[in-house]
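Naming follows writing order (A, B, C and D), and every chain is counted from residue 1.
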Amino acid sequence: MGLLNKLNQPYEAGGIILGTFEDILNWGRARSDWYLHFGLACCAIEFMAMNASHFDFMRFGTIPRATPRQADFIMITGTVTLKMAERIKKLWEQMAEPKYCISVGSCANCGGPYWEHGYHVLKGVDRIIPVHVYVPGCPPRPEAFQDGMIKLQKMIKEEAIFRKRKKLEEETKIELSA
Amino acid sequence: MTINEIYEQLKEEYGDSIIELIENPPCDSSIIVKAESIFDICHTLRDKPGFEFDYLMCLSGLDLGENLSAVYHLYSMKHSHKVVLKTIVPKDNPKIPSVEKIWRTADWHEREAYDLIGIIFEGHHNLIRILCPYDWEGYPLRKDYKEPEYYHEMKVPY
Amino acid sequence: METTNFVYNLIPNETIAIIVISVIPLIFLIVYALLAILGELKISAWIQERLGPMRTGPWGILQPIAEVVKLIQKEDLTPDSANKPLFNLAPYIIFMGAYASFAVIPFSRYFVPSGINIGLFYIFAVGSIAVIGIVMGGWASNNKYSLLGAMRSVAQIISYEIPGAMAILSVAVLASSLDLEKINIAQEGGIWNWFIFGGQGSWSKIWVFPFTLVLSLIYLVASLAETNRTPFDIPEGESELVAGYHTEYSGMKFAMFFFAEYANMFVVAAVLTITFFGGWNSPFGNFMQGPGWDVFWFISKAFFFVILQIWLRWTLPRLRVDQLMYVGWKVLLPFSFICFLFISLFKMIN
Amino acid sequence: MGEKKRIELDYSKIESDRMRLNVGPQHPSTHGVLRLEVELDGEIVTEVVPHIGYLHRCFEKHAEKMTYPQVIPYIDRMDYVTSMNNELPYVMAIEKMLGIEVPEKVQYIRVIMCELNRIASHQIAVATFGLDAGAFTPFLYFFRDREYILAIFEKASGARLLFNYFWIGGLAADVHPTFKEDVLAIVKQVRKTNKEIEDLLIYNKIFIERTANVGILPPDVAINYACSGPVLRGSGVKFDLRKNEPYSIYDRFDFDIPVGMGEVGTVGDCWDRNIVRMREMEQSCRIIEQAIEQMPNEGDVQEKLPKKIKPPKGDIYMRAENPKGDLGFYIVSNGTDKPERVKARGTSFVNLSVLPEISKGYMFADLILILGSIDIVLGEVDR
């Protein structure tokens, strides 16, 4: 909606209100992540197990959506082949902002066991779409999935909505001084 | 029926088209047949009483270096006997008659062999790539295959 | 007994009072929708031996609020090839259809937003507006899945409205009125006077009981179909049509569909409550009867049916299109006609 | 409810526009990354063209570059829900070429693991089939139980999904001391859940209406398409490699082959294929119980093998009964420690090819169910 655009004016003052407001907005986005599950291979089965009663992915406030339009993050679970890569790119483009990506499993991260002779395997989904969280493993245990989810939530919570540039500057200053 | 009996009977019927019987236990024995007559032989094997190989277990393509080869593993549900047929064709003219009309399951097997090895099955109704993308170049399972640098602007090697 | 709206007593100015009266259902609707979403998440989790959302607030009870906060921030996509005016209009029409029904729903004898004498008729009329929104959204999305979903949905809602209406009509016959308040008042005096047991009257009403029972079941089934809930959720059947008619919607527009679905669930549950289950009346006669209890009884009965819908959703498989039509036209419709006929005869004899 | 027959449309009499719909590769119910090009006349499917290869990971190319034991992890990743069963024919083929007899204890552990994995695989199959029909809850009940089975695998091999447990000439490691009790407890739990699912889903009126008389596969067509496993048995053909061509030690156990009988519809419909899976779980339980009883406690789990495994020159085709059907490996050895060619006869690959044949003339919603009843795993289709 247009709400964000209006608030995104370069205010100089008003830090507290915007800061609190930012926290609330970030809280909402971090706590209610609907996902587009892009099940490709073995990791998808682990992901199904993760959705099931033992691990219960919905505890994190996630709801599976079948259509990319309503999803907040895409979960790439499995080997990305060259034939598939273009579809993933298309789906990523169909998703509504703000959007995130979790790459699960060695195959999606870097090609996994297929990195050497895999003539038809894309060596890492980050070659076509931006990835926010990598979950290693072949396949990762459900606990690793949960850790990835918590990492994503943490990342969203610390995101800057207003005065992005200023925050970035501060962050780089801290990094440089450290 | 053992593979030797099948070989004898086929030899009787087809003569020169049946080249030889290879036996090397503990591995499988196989009958090497000429590529041109594979359709007729398969037809006989499926329909003639006593053979009745109604089940095509597997159809594999092989790269033998100079030649390409197609291997047919047949099974009979009625008599529970098996036979392995092999055909060898030169790499520059890899044409084998399709057995898709005999066993419908051969449809996808042949498309796969065409896709990965590059054997052309004559008489197949829809011989297009099946596993690789339709615009893929080369036959990946050939020994001399080199993977492409780029596919649709995506880098292929690591 | 003439009912009065307590808001008019509180606020002398009529214009302000009307605004307040129309806002109260909206607030109720929003609160209810948040509760229902949480209920859906939690009930489904309990049925499936899970916990459901746990990390947003204590026991995850703030989950629906987080969802709303998020949906507000989502980008509002309009596909390039979509018909933009219709695409943007559709969610509002659907929501309007659901919200307009609240104008006549009597929460208590002291709070009836608009006491018109054709309440039942009105609910059915505005309920059908949603169909226009669905077909608009489905067609304007320019997506084949949306179109298929919208077409299925229209066929389904229209065909299930008839048995539903027949069921409601028989109540109108029993109560001799289409006015929702009068229907409520006609069921006063304990559980035996509810229309599921034939309304007020002598013991001879026991003959009506099988027919009213069947009719209330018919209405329950038809209402499931009208709100696109399982086992009749084929318009948005996830395993076939991705997300049905709202496949291309994102952000707040999708939230409108979402809200409208839950609002519709409440409307059908409320109609069922009013027509067959005594509305605001206490099941114990004069015990626990009063202005406050009215609201309590009405809402708890309606929530029971909402929970029933959620329960069914997580238990049953989905029907197919042709089976759905079969059930609607060849099973429910003849049965509802037969029951209606008997109830009318009974009313004539009495 | 309504008579559901395959609808034959006569286009000489009616004129209607047809719509081409693309289902997949990202679709909630294509069981992974299958893409179907569907031609619809209203809701009726007039043509289905499956496009596969979206998960073509070229396992066969890798196998040529690896030594024989190194191929096993790739075989795990082929049909990733039945890894134990995948490994079995491969190691049996190499063992046969090398002429190795594996120890008695290993045979029993292999059989028990395979049967447990068969149960786990069938649980996923029935669960996702229910999901296709819109029933979400049975899915979670099955996955709850599957976790217990995975716990056994994890205790034995250290992995939850892709085990690399069957090695040539034996096993990677011995089982846990409490193995027998754990397995018997699971068998009990599986039976309990199956009862529950039968009440909740299998004999549900709506479910029967949806699946009976849908996607009928006649036995002769099934054999001609070389279907196997529950797809073939659902059509009433009593064929199971464990009985017809016993490998490993399957001839020592007493069990039945369930076949589709058309109890609620026609022989070979979706319901039959599904019930065969349910009943096979029971038979697997029987096999496990017998195997646990007969299994020796003492013994080694690994045969002494040369450092480099070099099977003699030649080729071998070995097949075994995978949960999804008969899985075959055609292995060509050139006498070195790397195989010349490993070709896998993917069960799902062959079973899937029958889909266009049996889905024409049904509704679009039925197509999804027919696909679900075939129970494919795209990892094996595309390899």
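Heads up, the rule we're going with is that a contact is a pair of C-beta atoms (placed from the backbone, for glycine too) under 8 Å apart; a residue touches a chain by one contact, two chains touch by 3 or more.
All values derive from a computational prediction rather than experimental measurement.
Among the remaining chains, those touching subunit B and also subunit D are A. Once CA atoms are averaged chain by chain and compared with the all-protein CA average, the nearest chain turns out to be D. In whole angstrom, the spacing between the mean C-alpha positions of subunit C and subunit D is 44. Between subunit A and subunit B the centroid-to-centroid distance comes to 46 Å (mean Cα coordinates, whole Å).
Mean C-alpha positions place subunit A and subunit D at a centre distance of 33 Å. Computed centre separation for the pair subunit A/subunit C is 37 angstrom, with centres defined by C-alpha atoms. Chain contacts: subunit B has residues 131-133, 140 touching two or more partner chains.
Residue positions 52-53, 66, 83, 116, 119-120 of subunit A each touch two or more of the other chains.
Multi-chain contact residues of subunit D, defined as those touching 2 or more other chains: 27-28, 53, 56, 58, 61, 140, 144, 382. Of all possible chain pairs, those that touch are A-B, A-C, A-D, B-D, C-D. In the complex of the two chains, the subunit A residues touching subunit D come out as 36, 38-42, 44-46, 48-49, 51-54, 66, 78-79, 81, 83-84, 87, 91, 113-114, 116-121, 138-139, 141. Put simply, subunit C touches subunit D in their complex at residues 44, 47-50, 144-145, 148, 230-231, 233-234, 237-240, 242, 314-323, 326-327, 330. Across the complex, subunit D is touched by residues 24, 26-28, 30, 54-58, 60-63, 71, 73, 77, 80, 84, 103-105, 107-109, 112, 116, 129-133, 140-141 of subunit B. In the complex of the two chains, the subunit A residues touching subunit B come out as 82-83, 85-86, 110-111, 115-116, 119-120, 122-123, 127-128.
Put simply, subunit A touches subunit C in their complex at residues 1, 3-4, 24-25, 27-29, 31-33, 52-53, 56, 58-61, 63, 65-67, 69-70, 72, 96-98.
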